[in-house]
Amino acid sequence: MKIGFIGLGRMGAAMAANLHRAGHELTLYNRTPDKARALAGDRAHIAESVAEACRGQDAVVTMLANDEAVEGVTLGADGIVAHLPPGSLHIASSTIGIALAERLAASHAKSGQRMVSAPVFGRPEAAAAAKLFVVAAGDPGAVRDAGPIFDAIGQRTFVMGETPPTANLVKLSGNFLIASVIESLAEALALVGKGGGDQHAFLELLTSTLFPAPVYRTYGTLLVEEKFAPPGFAAPLGLKDVGLALAAGEQLRVPLPLASLLRDRFITLLAQGGDGLDWSAIGRLAAQDAGKSS
Amino acid sequence: MKIGFIGLGRMGAAMAANLHRAGHELTLYNRTPDKARALAGDRAHIAESVAEACRGQDAVVTMLANDEAVEGVTLGADGIVAHLPPGSLHIASSTIGIALAERLAASHAKSGQRMVSAPVFGRPEAAAAAKLFVVAAGDPGAVRDAGPIFDAIGQRTFVMGETPPTANLVKLSGNFLIASVIESLAEALALVGKGGGDQHAFLELLTSTLFPAPVYRTYGTLLVEEKFAPPGFAAPLGLKDVGLALAAGEQLRVPLPLASLLRDRFITLLAQGGDGLDWSAIGRLAAQDAGKSS
Amino acid sequence: MKIGFIGLGRMGAAMAANLHRAGHELTLYNRTPDKARALAGDRAHIAESVAEACRGQDAVVTMLANDEAVEGVTLGADGIVAHLPPGSLHIASSTIGIALAERLAASHAKSGQRMVSAPVFGRPEAAAAAKLFVVAAGDPGAVRDAGPIFDAIGQRTFVMGETPPTANLVKLSGNFLIASVIESLAEALALVGKGGGDQHAFLELLTSTLFPAPVYRTYGTLLVEEKFAPPGFAAPLGLKDVGLALAAGEQLRVPLPLASLLRDRFITLLAQGGDGLDWSAIGRLAAQDAGKSS
Amino acid sequence: MKIGFIGLGRMGAAMAANLHRAGHELTLYNRTPDKARALAGDRAHIAESVAEACRGQDAVVTMLANDEAVEGVTLGADGIVAHLPPGSLHIASSTIGIALAERLAASHAKSGQRMVSAPVFGRPEAAAAAKLFVVAAGDPGAVRDAGPIFDAIGQRTFVMGETPPTANLVKLSGNFLIASVIESLAEALALVGKGGGDQHAFLELLTSTLFPAPVYRTYGTLLVEEKFAPPGFAAPLGLKDVGLALAAGEQLRVPLPLASLLRDRFITLLAQGGDGLDWSAIGRLAAQDAGKSS
């Protein structure tokens, strides 16, 4: 397929590389063009503008940092809606809110384009190994046509519904669940630790018995070892995603008290200077509230 | 070993059967004696009193419903402390609070007996299959001497520390973590469901990717199918255990905001008539608060 | 003074009437013009547009429902910034968020106009009686020049700072405090009531002793008598204001766990059909969670 | 009346002095007898034991620190139930839990004595000035007979019901409401302060308009000035009372999420070394979470 790719951060760069490897004809665009050039080598075209990244493509993939970036690139005067050919696909892989996903999908529909929301689960290493999990939602025909793209970047695709925002809602819910694991582990570790128990042994017990899931092992280890820098997923992004889950909850009228607790934790972390830390650093707040000096 | 076993509920009965199967000489005691008789057959002695279940034993195991029962059986006038031979073991397997565990351990020490806290993780089926996970804490020599008992009832023993309450703290923390999974899943499912997503597909995604742990699969399924009766672990026990975790937190001065949220959920469930339901029924409250008619 | 007045809901109409009564020369504008005409009689001019309400005025006062309305009227192509004479005042009395207040103030400054944020405390009856409390913030000269306006509508003006958003922050914080009173009273009443106490006597005790404040009397009575319709201040506005307080908290990095709890209450109330009720109806949720059938 | 008075802390000593002043014949008992002697002068008898403080009295008043003390003095082998004459009154003025109040009342009834729960609102200065508010509950005849006692110590008596625990529930609910004011003010002050507003002006606004209640003025001032020592009412007592409110909520099945939040605040405060501070010091946690260095 002829594919435009917009957004070449760590995740996007890895995904684009895998699309190229799978034989797709790529045109790359990044706001700061050096990244695109470095990545492209002689393997891909470089677009000087979003418009150029869209013209004549079968599909354009976006992988950007937040709602504002996606909105600007998609709905702006020189954006995707204005320049993607009718019938072509917009594969929106960023983690964005459901309100924006609805607006983007409606705009694309009006312009005869087809949008598929396709956020992914997985850290940069998984992206590099083409081992992402893709969460897709949109018109069934569009999702089917996007199949080769998903196959090139991920190990498995989960189709969640026929309207794009459903996939975004699932992605936000997944991140909320991970943050919930961090908070619950942090409270349990603070309790066991202050009670004189061995935190490493406790974590070993948990992950050998009830919770043999990578999320528990990964974040449990970060918490026990207090290794919050450099960040794998930065705290401000955690606040953003929990905030988007809560915004979805407000729009759909679903109260989420545990997400509210998490949001307060993230704000506390940032208030205390945690912008540069991994989002799992909210876990140190439980220990701090229990009197551990920070 | 010569072992007295006190408390023959579903868990205790299964554990006792496995101890017998492993060749130990058992004396059974239950407050309502029929259970003991039914279980004993011609394989085990029946004790008419706690005292009789203790005399001459190498160890006595207790598996009772709550703090009150364990306190009565252990510290009462005709209790274990009064009748267990010096040097013998009290394997306390009930899920009890750390304050009580401290008092029991101190009493036993004064009487020259040795207490090991050894709560277990696993449902009755796991107990029947001798597949429990045993969490043990106490004097190293005592823990070692209790080894044959643990081997007979469980698949693996985790030694958590040299003072008995540590094991109880770990057990309470584990149950808190399970309840946290229930709450977080319930909120996520309410959100995805009200947003039009397929809850089964969402659960399949979660357990195939980030959360491949039995706890997520088991409770996720109960939540999606709203199968809260008959209870595997009844809601009042959930309230009891979260309450004991919070009491430990108060004693140790560790605030546990997520546990506080869970406690409020359990009280709400019971206030609305949920005494007979599984503890996972707190999960229906998230859906109810989102407007789903109950 | 020559004053344009935009937004003639119950509050705005009463404020405008008092400005007229105080001898100011008024020009009225409302999106639905009938309201303006009914109010104007032969006493005031009617503007057909926001622009017309601004031209040649010493000041324009806005009293609108929410951020969107204020943003549209102020920053829109035919808005206040575009048409208010340089040096004139924009008295922004609506309850809006601090981010918007910042943007409005910056826009006005660029156009040489002067903005004063001046939200008010008081229900429509207080507005009619010119008994509002005015919370003002902005450039000291501008605040002083706005004095005659404040004197005409309120019983007292509190100057809170030299940058407009401070007044909005104070207003939002005040509404948060009122909502906190509702929640705390509701929980206490649920507890006392279910314990067999007389709720009226309890409320009489509270307001005669520790809490002799109108807020406790007014909302306590609404709660005890469950009189939630018609709304004095509708539940969706309560959600809006608590949401704006939380947004301010996020921007300033101040976690507000009690506000988070209130937000969840409002969403629950709306999810269960409470859009048409008074915001104090969040108080029935405490009773409902305690098992009272709704 | 002939009155025994047990418990001569700051509150009890002041109440006893007022009973003497009103002409009652007093017998004083305190665990540490010096306090009783100092207070008695030549005006009152000194009892060497609880039993002696009870014999031949028309009524005995207890004003003790916590449930344990009241339980010991009342139900112990040499306690009030064992020694108060049939028909006489036990005026239980301590702030105790409803479960204990039920047990005490049942014990007294069995022994033919009459118990009235009569906790009070007011700080030591109010006690000294006989300006307490008395919250009474019990058999109407008993409450009537206790009237002269209440008149001597307080400015007004509120009769809340015919079973003693109702008064205790009301007292606990009142303290919960005060703690809620502290938390809500603390969050609002943190927000306004970090947003650049003047906290003193904000407090002046609040107490001049919406919240003209001593509780807001008193605690608001403590918060703004961060004057948490010496304690008027110590933080551990705050935790105790909120804990008793939550225990009542659990017994009656009334979830109290705001009380849960307060409990976590108190535990955090104590974990960070706040045992010697006033309970309003929970208010500094909101500022601390917002990044203020403590």
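A, B, C and D label the chains in the order they appear, each numbered from 1.
By definition in this document, a residue touches a chain if its C-beta (ideal position, glycine included) is under 8 Å from a C-beta of that chain, and two chains touch if they have at least 3 such contacts.
Note that this is a predicted model, so its numbers are computed, not measured.
Asks: Can you name the chains that touch chain C as well as chain D?
Replies: Intersection of chain C and chain D contact lists gives A, B.
Asks: I want to compare two interfaces, A-B and B-C. Which one has more contacting C-beta pairs?
Replies: Counting C-beta pairs in contact, A-B comes out ahead.
Asks: Need the most distant chain from chain C, centre defined as the mean of C-alpha atoms.
Replies: B
Asks: How many angstrom lie between the CA centroids of chain B and chain D, rounded to a whole number?
Replies: 38
Asks: Can you work out the whole-Å distance between the CA centroids of chain A and chain B?
Replies: That pair's centroid distance is 38 Å.
Asks: Distance from the CA centroid of chain B to that of chain C, rounded to the nearest Å?
Replies: Each chain reduced to its C-alpha mean, chain B and chain C end up 53 Å apart.
Asks: Taking each residue of chain C in turn, which ones touch at least two of the other chains?
Replies: 249, 253-257, 261, 264, 268, 271, 289-291, in rising order.
Asks: Quick check: in the complex, which residue numbers of chain D touch chain B?
Replies: Of all residues in chain D, those touching chain B are 239, 243, 249-250, 253-257, 260-261, 263-265, 267-268, 270-271.
Asks: In the complex formed with chain B, which residues of chain A make contact?
Replies: Residue positions touching the partner: 98, 121, 133, 135, 156, 158-161, 163, 165-166, 169-170, 173-174, 176-178, 180-181, 183-185, 187-188, 190-192, 194-198, 201-202, 204-206, 208-216, 245, 248-249, 252-259, 261, 286, 289-291.
Asks: Which stretch or stretches of chain D touch chain A in the complex?
Replies: Listed in rising order, the residues are 257, 264, 268, 271-273, 289-291.
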